[in-house]
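Two complexes are shown next, each including chain A; its partner changes from chain B in the first to chain C in the second.
What follows is the complex of A and B.
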C-alpha cells in the first residue's frame, strides 16, 4: 500500500481483474492438468510477490493434496460415492487459480485505489461505490463475527456441532441479529464520512493514487494472454 | 409517499454494507459445504440463513434498482472469489427480476417481498452449475481411461433433473427463510426502532 504512493511496485487492480476474467472464462472447458498446474504455480508466484508467501503455500499445497487424493481414489475399486467425490474434487481443483487471484485482489486492493481505478475505466459509480464499501467493510464484519462467536462461547451457546444441529434457527438468530444491528450503526457513520469526502459529487474525483499502467501490468496482461491461449488451444 | 428514483450515496453505502454482511454470512455457511454431499444443499441453507439480512435490506431499500445492485455486487464478489462469470450473470438477472417483483404495483406487501426473495435466492444455482457443466466435459475425457463403469455411476449421481429440483428446493427454503426473517424483524428490529 505504501508503494502506491511512491513508486509502483505492484500491478493495478484493473489488470488483475482482466487476468482473472481471462482464466476464469475458459476454465469451464476441458483443460490439460499440466496447464492448470502451471497456472497454479504462476498464481502462487503472484501471491508470493504481492501478498503473503504463507497464503501461496497454502493454496499450492491444497492443490497438490487434492490432485494426489483423486489419483489414489481412482486406484481403489469403483464405488459410486468415490466417483462423485473425484468429480467434485476435480472441478473444484480447477478453480483454485481463480481463488488465488481473487484472494490477491480482495486482500491487497484498498477502497481508494479501487475507486480511482474504476473511475479511469468509466465504471458508473452505482457499481463501483458499493463494491468499494465491501472492500472497506469486509474486515470489520469479520472482526464482529469473531467477537460474537467468543461472546456466544462465554454464555455456553458456542457454535458446537451439537448446538447447531439441535437449534439451527436459534443459532442463526444469535449470530445475525448482533451482526446486523452493529453494522447498521457503522453504516450510517460510513455514509457520513463518504459524503464528507466528496463521494456524492457529480464530477470526477482526484486521487493521490497512481493508477497508470506500469511494467507489472504489461507483464500480467501478457501472462493472461499466454494462459488464455494455452487453456483454449492446448 | 412519493418515491425518489435517483440513488444517492447513502443508498449505495447501504447496498455495500448489506452485501458485505450477506457475503460474510454466506462464507460462514459455506464451511458446512466442506462435506461433499452437503454442498449440494448449500444454496438452500443460505436461503434460510440469509433471509433476515435480505428482509432488513428490503425495508431500507425503498428505491427501484437497489435489490438489483445488491445481487450484482454479491455476484461480482463471488466471481472475483473464483466462482466463474456465470455467477455474476445469473445473480444480476435474479436480482433484476426480484426487484421488479418487489416493486410491482403501488404498495409493497409481504407476499411480493417473499416472491422476490424466492427469485433472488436462485442465484445459488449458478454456483453449482459448473459441477454439472464441467462434469460432462470431464466425463467425456474419463470414459476413455476409466471405462464405462465409471461413466454410468457418474451419470446416476448427476441426473439432469437435479437442476429443476434444486430450483424448487431453493424456493421452498426461501419461503421458510422469509417467514423466519419476518419473525426476527418483528422480534428485534421493529421493537428496538432500528427500522
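What follows is the complex of A and C.
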C-alpha cells in the first residue's frame, strides 16, 4: 500500500495552482515569443500526461494557428482591419497557456481531493467549500446548458449568433431562467448530501485521498520556478 | 459577524458562483468579436443580474457576497485573466456586501445598488490592458510600426477606462433591476425566489 502511494501518478492541486500563479506574468510583461511557445508546449505535455491528449492538441494547434496567421497578416499591406485582428489575436494568444493549466485543474481535480488538499494548506473553509462546490457544479451546469439549448432549438428559438444579437434579452430570459430553476433544485439536494457527509462540521475532516507531495509535485514546482524566472527576467 | 456562515450557506455561495461564472463566461465569449470586446462591460452585468438577484434571496448573513466576489476573482485568475479582477473583487465585494447589509438583507433597492458595485470585477479584467498600456504599445511599435500603434490608440484610447467603468456601474444597476423583474415574472411563482 505504501509503495502504491509513493507512485501516485499525478501532481496535487496545490502545486498546479502554484504553477498557474507563477506563469500568470505571461499576460502582463513583454515575454519573448519563444518563452510563451515553450510554456504552451509544456502545458500541452501536462495535459497529455494528466488529462486528455485531444484537449492538449486542441490548445497547441490553436496557438500555432493564431501565431502563424498573425505573422502572415503582418506581411500583407497595412490595412487597419488586419492590424486590429493582429492586436486582438496577439492578446488572446497570451491567455492560452494559463487557460491550459486552468483546464487541467478544473478537469482533473475532484471536490474531495480539493477539500483535503486545502485543509492541509490550512485554507479557511469559507473559501475551500464554495470553491469545491464550484468544481462539482461546473459539469452539471454544462449538462443543463446543453439540454436547455436543444429544448430551445426544438421550439425554434436557436441560440445562433443572429438570434442573440436580434433578441438579446429574450435569449437571456429563455436560457437563464430554466437554468436557474433546475440548478436551484440540484443545489438543495447537494447541500443535503454535503451536510449528511459532515461538510458543515467545525472540525477537520479525515480523507482517503493521499495529498502528500510526490515526485510530480517537485517537478512541477521546479518548472514553475524556471518559467517564473524566464517570464520575469528574460 | 453575528452569525457564522454554516455549511448550507457556503454551498449556496458555491452553486451561485458556478452558475454566475458560467453564464458570464459564455457571454464573454462574444468578446472574441473585436468590436464587442469593450461592450462586455455592458452585456455581462445585464446577463449576470438575474443570477445575482436570485443569489441575494439566499443571502441573510454578512460575508456571502464578499466570498462570491473573491471566488470570481480566483476563477478569473485560473481561467487566465490575470489577478486584476481579484484585486478589484476583494474591495468591491466587501462594499457590495456592506450595501446589502445596510438594507437588512431584504431591501431590493439596496440589492440593485449592490449588484452595480459587485459588477466592478468585470471592469477589473480590463485593467490588464490599461495598466500595461505603455510597455505593450512600445513592443508593438517595434514589431509593426508607428502608424499601426496610432490606429490602436484611436480605437481604445487611454481615457476610455472612465467610460468602461461608468458603463459597468450603470448597466449593473439596470441589470439588477431587470433581474429583479425577471425573478418576479418567472421564479416567484414557482416558489424559488
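FYI, the second predicted complex is superposed on the first by the 222 of 234 C-alpha atoms of A that agree within 3 Å, B and C clash if a C-alpha of one lies under 4 Å from a C-alpha of the other, contacts with A are read in each partner's own complex, and residues count from 1 in each chain.
The rule we apply is simple: contacts are C-beta pairs under 8 Å (C-beta built on N, C-alpha and C of every residue); 3 or more make two chains touch, one makes a residue touch a chain.
The shown structure was predicted, so the numbers you read here are calculated from the model rather than taken from an experiment.
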item: Three-chain arrangement built on chain A, chain B and chain C clash or fit; value: clash
item: Touching partner for A:142 - first (chain B), second (chain C), both, neither; value: both
item: First (chain B), second (chain C), both or neither touched by A:87; value: both
item: Which of chain B and chain C A:119 touches, first, second, both or neither; value: neither
item: Partner chain in contact with A:110 - chain B first, chain C second, else both or neither; value: neither
item: Footprint overlap on chain A, where chain B in one structure and chain C in the other make contact; value: 17, 20-21, 24, 27-30, 74, 78, 80, 83-85, 87-88, 91, 95-96, 98-99, 101-102, 105-106, 125-127, 129-134, 136-138, 141-142, 145, 169, 172-173, 176-177, 179-181, 183-184, 186-187, 190-191, 194-195, 199-200
item: Interfacial residue positions of chain B with respect to chain A in the complex; value: 7-10, 12-17, 19-21, 23-25, 28, 36, 39, 48-49, 52-53, 56, 65, 69-70, 72-73, 76-77, 79-85, 130-131, 133-135, 137-141, 146, 149-150, 153-154, 156-158, 180, 184, 188-189, 192, 194
item: Residue numbers on chain C that touch chain A, as the complex places them; value: 5-8, 10-15, 17-19, 21-23, 26, 30, 32, 34, 37, 43, 46-47, 50-51, 54, 63, 67-68, 70-71, 74-75, 77-83, 128-129, 132, 135-136, 138-140, 143-145, 147-148, 151-152, 155, 178, 182, 186-187, 190, 192
item: Touching residues (chain side chain A, partner chain C) in the complex; value: 17, 20-21, 24, 27-30, 74, 78, 80, 83-88, 91-92, 95-99, 101-102, 105-106, 125-127, 129-134, 136-138, 141-142, 145, 164, 168-169, 172-173, 176-177, 179-181, 183-184, 186-187, 190-191, 194-195, 199-201
item: Complex interface listing, chain A residues touching chain B; value: 17, 20-21, 24-25, 27-30, 74, 78, 80, 83-85, 87-88, 90-91, 94-96, 98-103, 105-106, 125-127, 129-134, 136-138, 141-142, 145, 169, 172-173, 175-177, 179-181, 183-184, 186-187, 190-191, 194-195, 199-200
